[in-house]
Amino acid sequence: MAGRLHDFTPQRYMLTYGPNEPALRVRAGDSVRVKTLDAGGTDEQGRRVSPSMLQSRADTDLLRSNPLVGPFHVEGAQPGDALAVRIVRIGLNRATAYSTSEAHFGMFSGEAPGRKMLVSPPLQKERFDWRLDLRRKTGTLRLKRSAQRTITVPLDPFIGSIGVAPRYGRVETALTPGEYGGNMDCIETRQGTTIFLPVFVRGGLLAFGDIHAAQGDGEICGTALETSAEVTLKFDVLKGQTLDWPRMEDREWIMTVGSARPLTDALRIAFREMLNWLTRERRFDSREAIQLLSQAGRVRVGNVCDPNYSVVYKLRKSLLTR
Amino acid sequence: MAGRLHDFTPQRYMLTYGPNEPALRVRAGDSVRVKTLDAGGTDEQGRRVSPSMLQSRADTDLLRSNPLVGPFHVEGAQPGDALAVRIVRIGLNRATAYSTSEAHFGMFSGEAPGRKMLVSPPLQKERFDWRLDLRRKTGTLRLKRSAQRTITVPLDPFIGSIGVAPRYGRVETALTPGEYGGNMDCIETRQGTTIFLPVFVRGGLLAFGDIHAAQGDGEICGTALETSAEVTLKFDVLKGQTLDWPRMEDREWIMTVGSARPLTDALRIAFREMLNWLTRERRFDSREAIQLLSQAGRVRVGNVCDPNYSVVYKLRKSLLTR
Amino acid sequence: MAGRLHDFTPQRYMLTYGPNEPALRVRAGDSVRVKTLDAGGTDEQGRRVSPSMLQSRADTDLLRSNPLVGPFHVEGAQPGDALAVRIVRIGLNRATAYSTSEAHFGMFSGEAPGRKMLVSPPLQKERFDWRLDLRRKTGTLRLKRSAQRTITVPLDPFIGSIGVAPRYGRVETALTPGEYGGNMDCIETRQGTTIFLPVFVRGGLLAFGDIHAAQGDGEICGTALETSAEVTLKFDVLKGQTLDWPRMEDREWIMTVGSARPLTDALRIAFREMLNWLTRERRFDSREAIQLLSQAGRVRVGNVCDPNYSVVYKLRKSLLTR
Amino acid sequence: MAGRLHDFTPQRYMLTYGPNEPALRVRAGDSVRVKTLDAGGTDEQGRRVSPSMLQSRADTDLLRSNPLVGPFHVEGAQPGDALAVRIVRIGLNRATAYSTSEAHFGMFSGEAPGRKMLVSPPLQKERFDWRLDLRRKTGTLRLKRSAQRTITVPLDPFIGSIGVAPRYGRVETALTPGEYGGNMDCIETRQGTTIFLPVFVRGGLLAFGDIHAAQGDGEICGTALETSAEVTLKFDVLKGQTLDWPRMEDREWIMTVGSARPLTDALRIAFREMLNWLTRERRFDSREAIQLLSQAGRVRVGNVCDPNYSVVYKLRKSLLTR
């Protein structure tokens, strides 16, 4: 029995993942179609969201980055279950995106050893306006005062920030990804992927947004091609499926995500969770699973600019059969 | 004018990168065809190399892992130049490979934060014997006493360890990769790739070996599918091309490699060197280069088990044109 | 006008820092005298706390380590203020303490580079029962089946875990220290020290416990000399004093604490906060402050075993005068 | 039988640790008295060393920082032995020292997580001229254009860079500390300390210099109070005493030093080496040694600005008796 498709128009945009008032209640099997704002709070018409539509809290000054849609309460989702969220469609809906550079941020602030210690000059704070060609699936940047004429990158849109209410309290949407998902900035949360998230509070309370039209591995300058989109998600509940960290699946890969600092820990978490997946659910012998992953696993560096870095560990599904 | 092809049979295997006596002198444009030993010192017939054929030093007890062929002295290569080494062919030449597990090594020794701290039980020390099907390009492992029957991974052979004599002294071939290349364990040093290495001593003194028939990103259990091969390399010298770190190029990508600890530093070095490549040699404006990389660059985690970790930073060549 | 001294007997022990029901309301200037449990929940008589006296939550299974006393609501403390908590007395009140070892934990799980990679064999899980001589101020451990007879360490008791309700939600007391204080395991939170904490929720809601009779820097085996004590704290509110991270002061030093991973980040936070202290409140020129700290600052490694590591940055107060 | 005291006047200053021509041959038991240059190559009269007196190499452009005295060949020291070098005296011999700041270096380049990501504005490149009062043992800095009048720090002079020829080749004196010692920048290499170093090449070939009149933990701005001194060292050889990393001893402490990145690895190495010391030479049971260190060990952060960071692990000698 097919679920219902909810055409949802947000009245409010969330600045935290947490036990916030549900924006919409859906059932397992239902889908939601909704338009997101970009990371700076601008919609597909280029209109900035009114501050009155942003989540506010009497007790603290919420960071205003990454306003999200949701939270969506999924009936029947209980702590100890997993939420399965299929990204049915990401429809970019405007011809522009922006990125920025900031001084002393991410990869550009920090030295590294070498014969002469590697230190980077600071970047200028700057905003870059990209043109999106949605038919050719390219983004183009033309800088003034430059020897170059344009640079062009292929589009590969994905959801930068998606997660449920964390185990305790709230986390600002612009900040720290973790066991609950969040601002992971991994390009694998794209159309066609299903993400599995642990449920910590009744209903799960999924929120998402921060569409990136394209992004390099690591989101090294701290921003991607920030834009808006119309997104359709389909919700399901896996009863009794306890997860420690987010997992993902698409046609070709199974994937896990770890978010931590330093980068090695993020990789270690993602690897370990994949090992759990193979040995617990897929009934691999642990030595076989370790060999299969060690000889054929793939790693994606999601972000190295958020308070926790995110790493995706991937294995081709074709290697699971025998 | 085509160079000469040297069919070379090693009389000795090197256990260090360094100012060792050249095994062969070649000219720019020449190629060398040579058979390598596996990381444990076994050839394509399954014969273990005689200890008398291994490099020895009166003053120290060299680690016996990763015996390499070379060093090859390239006429005319001087400090300040770069060596361009094209990997013309990697011909696997036996139907077996081995991998191992060790207790308390790499990804398996170390905790990571999480709600319950993530700690891994130690692995058993064990050797795994893989069958290689060179026609189907697969490796298969069948474990006794296991619920599984077999695991199979696709072959994608590459050179695990390749480098020149470092700036100062010697480095054991089983150990620390660095500015001179070395035991980087990056799957991109495969057939069809050209690797560019800084020249620190006259002739460059390239050595290589440690063929991996396949390897997952990170070489997480500490070993890959260790095997032997017949390899053909073609040597060129780029006069006056000073490099800080290794670079690579294949049909599709330009690439840089950074080797350091922690993992973030390895990524930072590789990213920075790619930025140098675009701005110095390709005459990109620095802001354009940063945007192009940040929005379209790709990252490969080479190894996270050697004394320095290695990360490859990659950009598609199609994005360089305009 | 002197504040009131509250002799407080807990009815319940907290397993989270957070917006929990206050156990006691006090005024600025008041003091509280209270007996704490050890990290395992045992009191000065050696009696294990009844599970019914531990905080519980319907929605999650709280870790049962580090049961704390509190929370104490300080009248008038508002978000944006700082809480000043003077540790008036730590009176050890029993002749025993325990420590433990665990396999694959902290410093003992993880490799480090070296000529031969440094890997540690796992520890056995074990409990060590120490005798405390409160008059001589020593702790003594006598192991059976050992060539040694005893080992003896000087006592220097301190509060292992002390903090306020964090900005959002709850944090388990056994886990991650942060901007709100928490399980920092820094030996400077001893008798005579005043700790300054940011107030995130009305009343601050300070909780504390986890007394350590002694601890080496880094708490390398993951536990200290875990014991109970009678503790007296005096509370004050610094109106409008906004802090980013905890600060401390005793007769000799001013101190800041950073908690993060990796260890470098914890040090960077603590250093930066000290720089803020000197330049904002003590009106140092920034270059002078940097020179003073760089040439005379001291660093204490608090813990390297919790999900966030803690580092104390210290400057002698005698160097602040001129 | 007392050894001989050599009054040595350098004809050349070394820019590498390595198998360089000995400047002087001494016997076990002998002492050497020699004047060092500061890190910038200036002597006690304020004269800059002539470039012709600096070590040079045809094949590479040596970094000109940290010119050292030596190397001293100690008769009878063989690979596998340890060199014991007692720092008999460090006599500061001028009334000036300098420190510097640099943009984007060390603690000042790099972000750290926090609610708002912590990023530091870059420092200006600047030189600071300190006055040393050798009688009162203070250093004083007076900045122009500053609200402050002066800052004053206590002097505690030590040798910033001291080491033997490494296992292989050379390491520049301004750079990477390691198993051989080197540019560790740990304040414990002060008058009264004996440092024990592994011998990798015949004679050991000890070199040293880079006197710091004072330094904060971590050498956070990248330089200390750089000055010159007259130093007396006494040499001994411990036959058959194989060390993995440097050890130290003074009247109060035994100490080990680890140098690596990241900081956790440096601490892990130093801790592990101390554990080796207690269990191998002092015959502690391993569980006792771990408990003694975990409950009473102390940590000094040496430097966090060199290509390898250095950490000293310390234990009071009074705790070794029973």
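Note that the chains take the letters A, B, C and D in the order they are written out, and that residue 1 is the start of every chain.
Here, a contact is a pair of C-beta atoms (placed from the backbone, for glycine too) under 8 Å apart; a residue touches a chain by one contact, two chains touch by 3 or more.
Computed from a prediction, not measured in an experiment: that's the story for all the values here.
Asks: Sort the other chains by how far their Cα centres are from that of subunit B and give me the top one.
Replies: So the chain farthest away from subunit B turns out to be C.
Asks: A-B versus B-D: which interface comes out with more C-beta contact pairs?
Replies: When B-D is set beside A-B, the one with more contacts is A-B.
Asks: With over half of the numbers shared counting as same, classify the subunit A/subunit C interface as same or different.
Replies: Shared-number fraction above one half, so same.
Asks: If you average the CA atoms of subunit B and of subunit C, how many Å lie between those two points?
Replies: 46
Asks: Could you work out how far the Cα centre of subunit B sits from that of subunit D, in whole Å?
Replies: Centres of subunit B and subunit D (C-alpha means) sit 35 Å apart.
Asks: Just give me the whole-number Å value for how far the CA centre of subunit A lies from that of subunit B.
Replies: So the centroids are 33 Å from each other.
Asks: Could you tell me which residues belong to subunit D and also touch two or more other chains?
Replies: 110, 113-115, 120, 167, 172, 260-262, 265
Asks: Going by the contact rule at the top, pick out the subunit B residues touching subunit C in the complex.
Replies: Checking each residue of subunit B against subunit C gives 63, 103-106, 109-111, 113-117, 119-122, 172, 175-176, 261-262, 307-308.
Asks: Give every residue of subunit D touching subunit B within the complex, in rising order.
Replies: So the residues of subunit D in touch with subunit B come to 16, 18, 59-60, 79, 166-172, 200-202, 260-262, 265.
Asks: Would you mind writing out the residues of subunit A in touch with subunit B in their complex?
Replies: Touch residues, subunit A against subunit B: 99, 101, 107-108, 110, 112-115, 118, 120, 123-124, 126, 128, 139, 141, 143, 146-154, 167, 179, 214-221, 223-225, 244-245, 258, 260, 262-265, 267-269, 271-272, 283-285, 287-288, 290-301, 304, 309, 319, 322.
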